[in-house]
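Next come two complexes, and both contain chain A; in the first it sits with chain B, in the second with chain C.
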Partner chain A sequence: MTAGMRMLRIELRHNAMALMVPVVAVLFWFTTYRRVMAMPPLWNLRAAGLQMYSVIDFVTPLTGAAAWMGSRESRRRLADAVLITPRTRWARLLAIWAATTIWALVAYLGCVAVVYGMTAGQVSGGGPLWWPVAVAAASLPAFIALGFTVGVLLPTRFTAPIAAIAAFFILVLSTELIGHNIHSYWQIAPIVAFAWNTGSNPGVATFYPYLPDLSIAQVMFLAGVAVTLLGALALVRESRVVRAAAAALAAAGLAAAATAVLLVGTSTMDTHGMIRIADLHDAANDQPVQFTPVCSHTDIPVCLNPAYAAYLASTTAALEPVLNEIAGLPAAPVQVLQEAATYRMDPHVGEEVTPADRNTNGEAVYHLLLPVQMAGPTLTTAQMASQVKWTDGPNIVANFIGAGPGASQAQNAVAAALTMILGRMSADPDLQASLNEDAAGGPGLSQLGGLIRGTPAQPAAERFAALPAHARRAWLASHLSALRAGQITLSQLPGAQLP
Partner chain B sequence: MNQNTTMNVEITGLTRRFGSATAVAGVDLRAGPGVFGLLGPNGAGKTTLLRMMATAVLPTSGQLRLLGRDPAGYGPRREIRRRLGYLPQNPGYYPGFTVTEFVEYFALLKEVPTGTVRRAVATAIDRVGLADRRRHRLRTLSGGMLRRACIAQAIVNEPELVLFDEPTAGLDPEQRVTFRALLRELGQHATVVVSTHLVEDVGAACAEVALMDRGRIAFQGTPDELMACADGQAAGDTPLERGYTAALDRARS
Partner chain C sequence: MTTTRQAAAAGQATPTRLATAARLIWLYAASRRIPSALAAIACCAIALRVALLGHWDAYGALQLPLVIETAAATIVAATVASPFGEPERVCGRWLPFLRFGATVALTAAATSALVIAAATGGHLAGGTLDVIRNVAGIAGLGLLCAAALGGGLSWTGPTAYLLPGVYALYTQWHGPALTTPWLWPARPPRDLGGALCAGLVFAAGLAVITMRGARDRLGDGE
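Moving on, here comes the complex of A and B:
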């Protein structure tokens, strides 16, 4: 074993970071693991969450531990004894830094293994994202170098806690400074995985590959910072040759870090919601991910990306009443197919995700955008299904009937009637109760209701909805073309003729 | 002193200032193999002189040659350090290290050949009488044992120049006797400079002694010559203490 390895072995045995591992593990469990595992089982979502939360968990204590190790020789009054040894100061300090980094990386990769291992057993499609892991892992040596350098330069017992607190504030303040600016240099902060103000976004990186542009810049920056700081440690008390090498290393690190920051300043958000940096971009990543959708066994199949397979049952249950109502009729969609979210930049509010707007009247495929694909608070399965029911259910009906502004009163009345039926039927009573929680405020119902409320169409709609299912279907089968063409009047609706 | 002997320490007009305070003022000193005592009251400049000889502090002016090399250059300084052992006045330690790890750590820093590290560490620990405590963590040792562990780190590289600053502070009488024997043994092959204000250590182990006061050498000679300085007026319980007091009084008058 070489002298360097033997020194490293001794440092590993007596490194403060080893004592911090249990602390970091508890912190990780409290603030990262529980949050991440509460997220839907999607690789993209959990990888981004893991990067964001774990960096904060790790960086704070390990920067303090590194500062503690950096100040060790002076605190322990060994500065003179080690100074007068022939081994270069740089080699001695690097051994301490390396031991601290190894402990931190082992702890971090252990935490990643737990989260990814658990996630692997839960997800239904896709594969783990490694770039977010790489960014978080790269942040450890960089922040350790930062804390360690501060500890070497300011060797007091107060340096460690101050360094730990400073590291925390550096991370938190950096994200505050991003704001809505997609060009912000502060996106270089290692806790940024996606466009910052859209948050952890489930719609990203499932239909299209994860864009590593920002991650590459972040790793470049973090490596540059680490190399700069470690190089700076050898600028004094070393031979001319070592000082020259260290200066070159520090300059290269500084150049890499500065370049990375400048590159991040040129970032834009692509239509798939990911940060794109032109100079680091690989066009191959713009191609959609090929997948075979998972589909329900309903008359009109509901088909989702396999990554969202966990939502298939609830989504199908939410749409089943309306799909059963129109299945087999002319102009009914033959499939409900999940599609990728489209993102756009708004100059005022920053990044926005826009729902699918590709559905046209009478199209054979209804394009579905699940609410969990959009930014916002994490939804339970029931909440998500409720939103699907009251957004996409009426939309499917409206497309089928041709209802909406400019349509005839009869079209809007029939559409409203079919939408009312949505709230009455479901195979699962529990789900039904959950779905009906906000029935009165359902967006689709309100929209269609607004078109007919207070008009003769409203009682006509209620009477049409009250018809037996077979009667509605029979009438629609024979009159749908005329209804869609606007040739049916309210008085011709079957329910309207009832006393 | 025999001028033909190899001079491991050659100091000419060595001065060190800290701001406006002069800690060492134009010291001339030469020392070959053997044990060399550096006596003096507190604040005499012994520690600063020793730190300059240890290459921990650069002189403000004057010439310093150690083991035939000028420590001002990086290469020669590194070569000197490879052959140097130094025990600071207040030696620090890493409480969590075992005795073996602590001494091994310094053996590695002193670039002891990797293949001989294990043997060198065991020998150094054995020489200071801590063989039975080699697996104990330093935090569990008494003050005297800690000092011996620190002495072990200083001698682990079989140094040709050994600098001990107050090495017997905190040692019990039995340990001091043992330590003096170690000094004599080291002095057979190396130049051992012992800074102390305990004159009995000098009398027992040193072949030559220098007395420092206010940054200058007030006396240099053998312990017998120091004893001979004593007159009837000098204070002290032993002839050496009386010689020490008389030499100091003479330098100050």
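Moving on, here comes the complex of A and C:
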């Protein structure tokens, strides 16, 4: 064993960070593990959550412990005693920093192993994302270098607590200063995994690869900061050669950190909801991820990305009444296929993102966007299924019939009649309230109802809905083309002669 | 004659004793770096005032003050470390009173400084009661850590508590909310349970530090 390794081993055995590992583990369990594991079992969500929350968990104890270790020689009045050792002061200090970093990384990787191990047993598709893990891991040496340098340079009893809290303060402040600006330099903070304004969105990094652009810049920045701070330690009380080497190292680190910050200032949000930095971007990451969808065994199969397989049964159950009604008829979709959300900048709101809708009337494939793919509060499976039922169900019918504001009264009446099989009202009052507003991506239930309410089409729709299912199907099979072409009038609808 | 002499002796002793007491208090304050602590607390107050210049969202308006309150509380707790250890314990019969007085005075100074900083044109989302409760409770945690781990490591408890405190505040917007009064930073300012828990922790920390002082560890008193 070399002398350097022996020194490192001694430092590992006498390191304050070793005592902080249980504290960090408890904090991680309390504020990170419980939150991350409560998220839907999707790698993108959990990886982003792990990056953000674990950095917040680790920063305070790490920086404090590092400052405590940095001030050790001064606190114990050993500065003169160790001056005569054969190793340079810088080498001794680097050994302490390395030992602190090793303990921190061991604790962090243990936490990652637990979260990723548990997640691997729950997810149904995709693979673990390693860039978020790498960013959080790279933040540990940087924060340790920060605390350690402060501890070496200002060895007082107040240094450790103030360094620890200042590091946390900077992190909290950075989240406040990012605001709604996608070009914000503050996105360099290691707690940012996705566009800050949209949060960790289940819709990103599933259909397209995770873009590592921001992560690369963050790792570059963190490595640069760590190298700069460690280099700064050797700028005093060292030989001229060591000082020159340290100055060069610090300058290189500073340049890397500054470059990373400038690169982050050029970031934009791409159409897949991830942060793109042109100078770091690899075009290969724009290609969609190849996958074999998981499909239901219904007449019109509902097919989802394997990562969302947990939602297949509930989504199928939500759409089945409508799909059964139109299956086998001409112009009915042959498949309901989940699509990737498309993100765009809203010119009025700024970086607000909205999913784009690609469905057109009479298309063979109905493109489904699950509510869990969109930004917003976390939904339970039942809530998500309810939203699908009350928004996509009517949309499928409207596309099938060609209903909408410009369609004939008969088209709107038949479409409204077919949606009546879903019921009149959602059982969820919150959802019903949202349905009363304009539904995104299609006419939706409320708009179909609004188109016929108070017109002769309303009783016609109710009469059509009251027909037996086989009678509706038979009539649609023979009249659908004419209905879609707007050639059918209300009086020609079956049941029009009924009182 | 005797009465006159006794009165004269008492009259001479009073200023001497006062000077001695003042010198004792000053030496105690200097040994505990209390002047530096006051300067650091003043910096915290300035930081709070600067932070309040920003128009923070709901999180920031409560989380940023909590971070600064924690900083002030850790500074209070860091002053209890003694550079003398056993000799001081043996010789100083006034030590418990000095510890008690210094800790209470510093806690009061910390809360006052933060409240005054916020009152000079800033808007503190939690109000004065929030500051008093948070600083006292977190300082109490620091005092307990000083008694258990040593004055130099008194910061470990408050800084570790900061994270659950911030998280509990976060859960007030993103449920399920953590409502235990032991996470008092997330409780409303006038919440009795939170105030009682914070007060209890401060009282316990103050009692332990007053009676026993911080645990002696090599180099803690620097």
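Everything that follows uses one rule, which is that the second predicted complex is superposed on the first by the 469 of 499 C-alpha atoms of A that agree within 3 Å, B and C clash if a C-alpha of one lies under 4 Å from a C-alpha of the other, contacts with A are read in each partner's own complex, and residues count from 1 in each chain.
To be clear about the criterion, a contact is a pair of C-beta atoms (placed from the backbone, for glycine too) under 8 Å apart; a residue touches a chain by one contact, two chains touch by 3 or more.
These numbers come from a predicted model, not from an experiment.
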item	value
Clash-or-fit label for the pair chain B, chain C on chain A	fit
Partner chain(s) touched by A:81 [first = chain B, second = chain C, both, neither]	first
Residue contacts on chain A - larger count, chain B or chain C	C
Partner chain in contact with A:176 - chain B first, chain C second, else both or neither	second
Partner chain in contact with A:72 - chain B first, chain C second, else both or neither	both
Partner chain(s) touched by A:43 [first = chain B, second = chain C, both, neither]	neither
Touched partner set for A:156, first chain B, second chain C, both or neither	second
First, second, both or neither for A:57, with chain B first and chain C second	second
Included angle at chain A between vectors to chain C and chain B, based on C-alpha centres and rounded to the nearest 10 degrees	40
Partner chain(s) touched by A:464 [first = chain B, second = chain C, both, neither]	neither
Distance in angstrom between the closest Cα atoms of chain C and chain B, superposition on A	6
Intersection of the chain A residues that touch chain B with those that touch chain C	72, 76-77
Complex contacts: residues of chain C adjacent to chain A	33, 36-37, 40, 47, 51, 54, 56-57, 59-60, 63-64, 67-68, 70-71, 74-75, 78-79, 81, 151-156, 158-160, 162-164, 166-167, 218-222
Interfacial residue positions of chain A with respect to chain C in the complex	20, 23, 27, 30-31, 56-57, 60-61, 64, 68, 71-72, 74-77, 155-158, 160-162, 164-166, 168-169, 172-173, 175-176
Residues of chain B touching chain A in the complex	51, 54-56, 74-75, 78-79, 81-82, 84, 86, 88, 90-97, 101, 104-106, 108-111, 114, 117, 150, 153
Touching residues on chain A, where the partner in the complex is chain B	1-3, 6-7, 10, 13-14, 72-73, 76-87, 92, 238-240
